[in-house]
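Next come two complexes built around chain A: one with chain B, the other with chain C.
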Partner chain A sequence: MARFLAPEAFVAAAETLSLLPFNLERMGTSQYLVANMVGDFIRLTERELHRLIDLRLQPGDGLYEKAYAAHLITGTNQQAQRQLLALRLRSRMSFLRQITPLHIFVVTLRCEHSCPYCQVSRQSTDRSRFDMSDETAMRALDIAFSSPAARIKIEFQGGEPLLNLPLIRTIVKAAKARSGPADKVVDFVIASNLAMLNDEVLDFCKSNDVLLSTSLDGPADLHNENRPRPGANSHELAVAGIRRAKEVLGPDRIGALMTTTEASLDRVDDIIDQYLQLGLDGIFLRPLSPFGFALKTKQFQKYDAGKWLDFYERGLRRVLDINRQGKPFREFYAALILTRMLSDRPIGYVDLRSPAGAGLGALVYNYDGSVFASDEGRMLAETGDNAFRLGHVDHDSYKSLVLSDKLIDAISSSLTQCAPECSTCVYESHCGADPVYHHATQGDALGIKPLSAFCARQKGIMGLLLDILENSPEDAAILRRWAAS
Partner chain B sequence: MLLMPQAVKGFAPPPVGTVVDFDASVQGLGALDAAAYRLIGTATCQIDRVADRYVCHLIPSGNPQKGAVPSPDDLKERFLNLVADENLRARVAEKTEGVRNVILALAFGSLAASQKDVV
Partner chain C sequence: MTLPLYGTALLSSGFHGEKARSVVRLRPVECSDERHTSDFALVKTPEDVQRALECNWRSVFAVSDSSIVSLAPKAFEGRFIAVPPKYDYLGNGDVLGFDHSSRKFRTLFRRNSVHNSFLVTERCNNYCLMCSQPPKDVDDRWILNEIKESLPLIDSSTHALTFTGGETLSDWKDFIGVLKQCRDLLPATSLQVLTNGRAFANSQIVDAWKDISHPKLMAAIPVYAAVDHLHDYVVQAKGAFDETVLGILKLKDRGQRVEIRVVLHALTAPVIAETCRWIARNLPFVDHVALMGLENTGFAIANDVMLWMDPMDYREGLAKAVDHLAAAGVNVSVYNLPKCVLPRSVWPHALQSISDWKNAFVEECDRCDEKKSCSGFFTTGRPRFSRGIAAITSLGR
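The block that comes next holds the complex of A and B.
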């Protein structure tokens, strides 16, 4: 009588298994978070982890399937998984092909605000001393157009850049004239407090496709406390400016950023409500940066990473609540990290990448012609620290700036891929090096990560996002939508 | 009863540390170093070689970056967990160094160009 063969007969011939690289982090008692080489996460018990490392697993035991799907094991002779990981890694890092896409022009250091946490030392007098000259601007433009990126963004900053609108006009006109022959697409952004916004500025922005970016710290009392100006009407002017810009330029042509001061910590709902009332499509919950006036006035020391993470979690959960009620609204930093965690899209966000974005992601041309590796680098210089000053537009070319020893040292010494703790961190694929931050806070571009508030914040946010993705299905669906678009 | 006046006001006793030692023939120094690094901000760790043992002196940081000052037992448990995890990381690194280099070469190195037609 014919019989079926035993199940073992249908199993493929036993193949030698190999372990693929991964990072791990203990999470509570007997549980580990494990990330493969491109940052896909999986949770394993301590027993499972030991079995995995010893390769004591076989088809049908559950762990084998889990480890295979998570690219933690492969057949020794199988090439597909290695090629797949290489392809995904190459895709994730392909932001490196677009070298120096961002060029920041500090057209003036003058400002009519006097914010205690401002990252830049503001100057209110002496136009000739603190405004960028036409000659400096054109030299900076030469450098910007020498960068290899096919699409560059020119961002105007200050001080308050609208105090030097004539120079902005000159630079935009000259950049547009060069873009065709140079075969480059050029985008423009003005980062302004909007206090000087008027119809002339709006007409200029509209006819030249210029985006506006502004600061909005929350409701009037909070915003005005953070951002003093004569007349104590910073909030009134910012809100009026946002409304007017949305009306004239379109709803997606202006964005706002907030900065968290000590006074913000208990006000996250009020802050988010302010953004909702203005019809903005999301909020970027940002901590204070340890640069410029924020250091001088000791604003930076007024809260630690733990307090900021509490603030952030309350904010994120409030944003998710708004989405559950049917109103699409994002927290932009979470969206950025989720795109890293849930896709292989190349995210070259200058503050969250390794190799660091300093110089390779952005160059900053200061009003006096000095060139810096990042905006934070020039803020440090305003308080006397020239560690990230790469050169001067009068004496340097694009190549001499990005190949300077100073920049190469800062970037190579801060790579997370080979830094202590970072290189074995389970979140490494989604994190970044921030040499300027660590230089400012610890006097070292690499920094000691167990002491780094940057590290604590990154781990805290990614841990929170993973928790929501795994344990709150409705919120997880919202987070996935943020990563998909 | 008269009390003696305090010689020092607000005196804080030095943090109480603990000692953990390992058999140097079975425990690598690299994992101890890495574990000590991860403990920065919570405690300092001085590692001495004494005969065939690594002796780790753990002293809680006076101004801990990560919450309250841990007790000697908590500190010991924390350090042993860190060492155990570093041993696991070392084993994974040892077993995967070759394939990591192959993947990196496929992605960015000399093998990347030859993969263009294949992948």
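The block that comes next holds the complex of A and C.
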């Protein structure tokens, strides 16, 4: 039937093609990893890359199809390719619609633990000096309720917040009373070492839908070494607390976080096994805190990142083993990054977003009424650096805090979308700005990324995840499930 | 066997006046029923004729051999249509379109069927290589009028209706009027509109579509590839891919329901995994994706050499395609392909999709355990059968 036209009739001429924005990184002698505007990855050879850039490609040659499906090229007069990118970018960035959803209340600085990696806690019985007052708490609540987010989370921190349970009760009661009139949903979480957990606390949590979040650094010897307390029983109390909380509140109402110290680095299997034994559904392998170690010497940092990545990879592979043996168990940081890499769901995780989560993602109300852009910002202040102290509940409003020069400078100078090294990075779509970290380690919110352990870790983890996705089908299927929900 | 949905009446009488066509609804020969001007008593036996006379029916539709036919017109003063016995499937509540001068008729609606579709027009701005309903450039706007006349006659408990073409949005203003009529008359009926989606690149048309506000309206739109030139070639229209994708985005932007349809043949099936990976990544918000075996009729016969691909040769790609979509949480179904040619992982997605009037099985199927939940085959056109057709039994396979 001659009425049908041949394939050539539908081929665009090269001069009607345009390039769309993309980032790239050389991965080997002639291999490039290429990411489109929303972070979809493809691999190209050097020859292909040059042909792409010169628009020396044609329908049917394979490269055209690869580049078109990956949104690297468009017909100059076409709209759909650009609209798809715009739509997906809009979806990815829509976490910005929920401004300042997290409000951290440091209800006391007192703690019965004396952890060496903690910069802030005090062993003291002086309530008047280190506890937040009712008045300060109510002012902080005013600010929290002025944030635009329709759903806010109030997190109680310390010190050990359970040492000031009466104030937690007061705040929860007041916040609940306000949530209706303010048309906001309020969630609560207490970050506690669980040493003081008792039936009174559990009853309170149960009747007020309060989540618990605790620290569990691994098996007893490691945990207790990291977290000294009188009696050397921190681990025993945490484990008992987790079991009890799961029983009374439900398995999904208690979470545990680990902090990696130098002593953890060779113990990742033991740490993971501890989480498995407790019936937890996953683990968050968190990096070493820069506020304990990395601050001391800048040379230490890079070495540190490499060592930590080894630790992370061993841990991730162990977690994948566990899954392959039929037990669902996640590594939560990988799950977070995979969600970014494999979907366009908005992820506003405060430590991995750009614009940064400082202030826009969270505000921290310190026991004394001073307000910080992040929890790490408050720790810096304890060592005399007030770079992220935005103001005080007595003198400031939500607006004056969030529109303060300090915050605007930190956020606008650290945007990955335009920062040197970041803006052209192949992983940019899935990464974040961390002005507090870079300020702490390099004295500059933007930072020099080749010197940044944060950058080295991010690139290392994403490279590892890509490698598994591309080369290990069975593990890739497990990783894809983490991203799906 | 294929059910005959159109034909020519043996004879007709009593049709006068300006109208060239009438819409006919069939009713049982009873005295008490309330009668619409379009209602005809359905008679199949001499006793039925007698009863129709007793009940004073002025409009009669006979499905019968010549014995009744010769006797009936003399007995009736009103309108009379007689069709041959092969249309015996017609029953109470069915609706037909009847052309007075040619005596040609088409069955428009069968109340007992779950597969009712209205052809809206034969015009189309695509010219798909495998089109089962080859487009004609004719003035057929009368069809829309016939549909408008039919809708009030349709049982309001009807579960689903499909509108097909041609390109259903060729006369978009009139057609959207028809859909608004459905909203008012058939608010509980699922409406599926087959369209190439290109019209929705025009915001004015998407806005009008949104304003229909039928709660169960779905636009079913074909996307044949992740790449412009391949889609454009399949639909034989340069620029179609861009307009279609843009149309889908605009519909979803306005919260409208969209199904993507991919017809599987030698041009689309080899890249189906890539196409679906692309859909999963770029359009995961569509409401449904249907991956459809080819109906070998219309242009598909003319282009058989270019299009035929044994499903056995793309089953692995199809399994990957389904996996990509399911993993992204996209609701995916496989249509028109028998279970014996599908990998087991695809079975949960395989539906009995072929319309009842053109659906059948082959002899091999008689000893198959899965026949009851299998799509079977098209009877239309020139069916082609996969080399993989084989009964699935608890012993074998």
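Points to keep in mind about this one:
Note that the second predicted complex is superposed on the first by the 454 of 485 C-alpha atoms of A that agree within 3 Å, B and C clash if a C-alpha of one lies under 4 Å from a C-alpha of the other, contacts with A are read in each partner's own complex, and residues count from 1 in each chain.
As a convention for this text, contacts are C-beta pairs under 8 Å (C-beta built on N, C-alpha and C of every residue); 3 or more make two chains touch, one makes a residue touch a chain.
Here the structure is a predicted model, which means the values were calculated and not measured.
Look at A:Arg480: by the touch rule set out above, it reaches chain C but stays clear of chain B. After overlaying the two complexes on the shared chain, residue contacts for A:Leu20 are found with chain B alone; chain C is out of touch. Looking at the shared chain after the overlay, A:Gln83 reaches both chain B and chain C. When the two structures are aligned on the shared chain, A:Gly75 is found in touch with chain C, with no touch to chain B. Once the two complexes are overlaid on the shared chain, A:Pro59 sits against chain C while remaining clear of chain B. Overlap of the chain B and chain C contact sets on chain A: residues 83, 87. Remark: chain A residues 1, 3-5, 7, 9-12, 40, 59-60, 64-65, 68-69, 75, 78-81, 83-84, 87-88, 343-344, 480-481, 484-485 touch chain C in the complex. Residues 34, 37-42, 65-66, 81, 85, 88-89, 91-93, 95-96, 99-100, 102-104, 106-108, 112, 115, 118-119 of chain B are the ones touching chain A in the complex.
Chain A makes touch with chain B in their complex at residues 18-26, 37, 49-50, 53, 74, 82-83, 85-87, 89-90, 93, 420-421, 424, 448, 450-451. Touching chain A in their complex are the following residues of chain C: 127, 129, 201, 226-230, 232-233, 236, 238-239, 241-246, 249, 253, 274, 278, 281-282, 284, 299, 302-303, 327-329.
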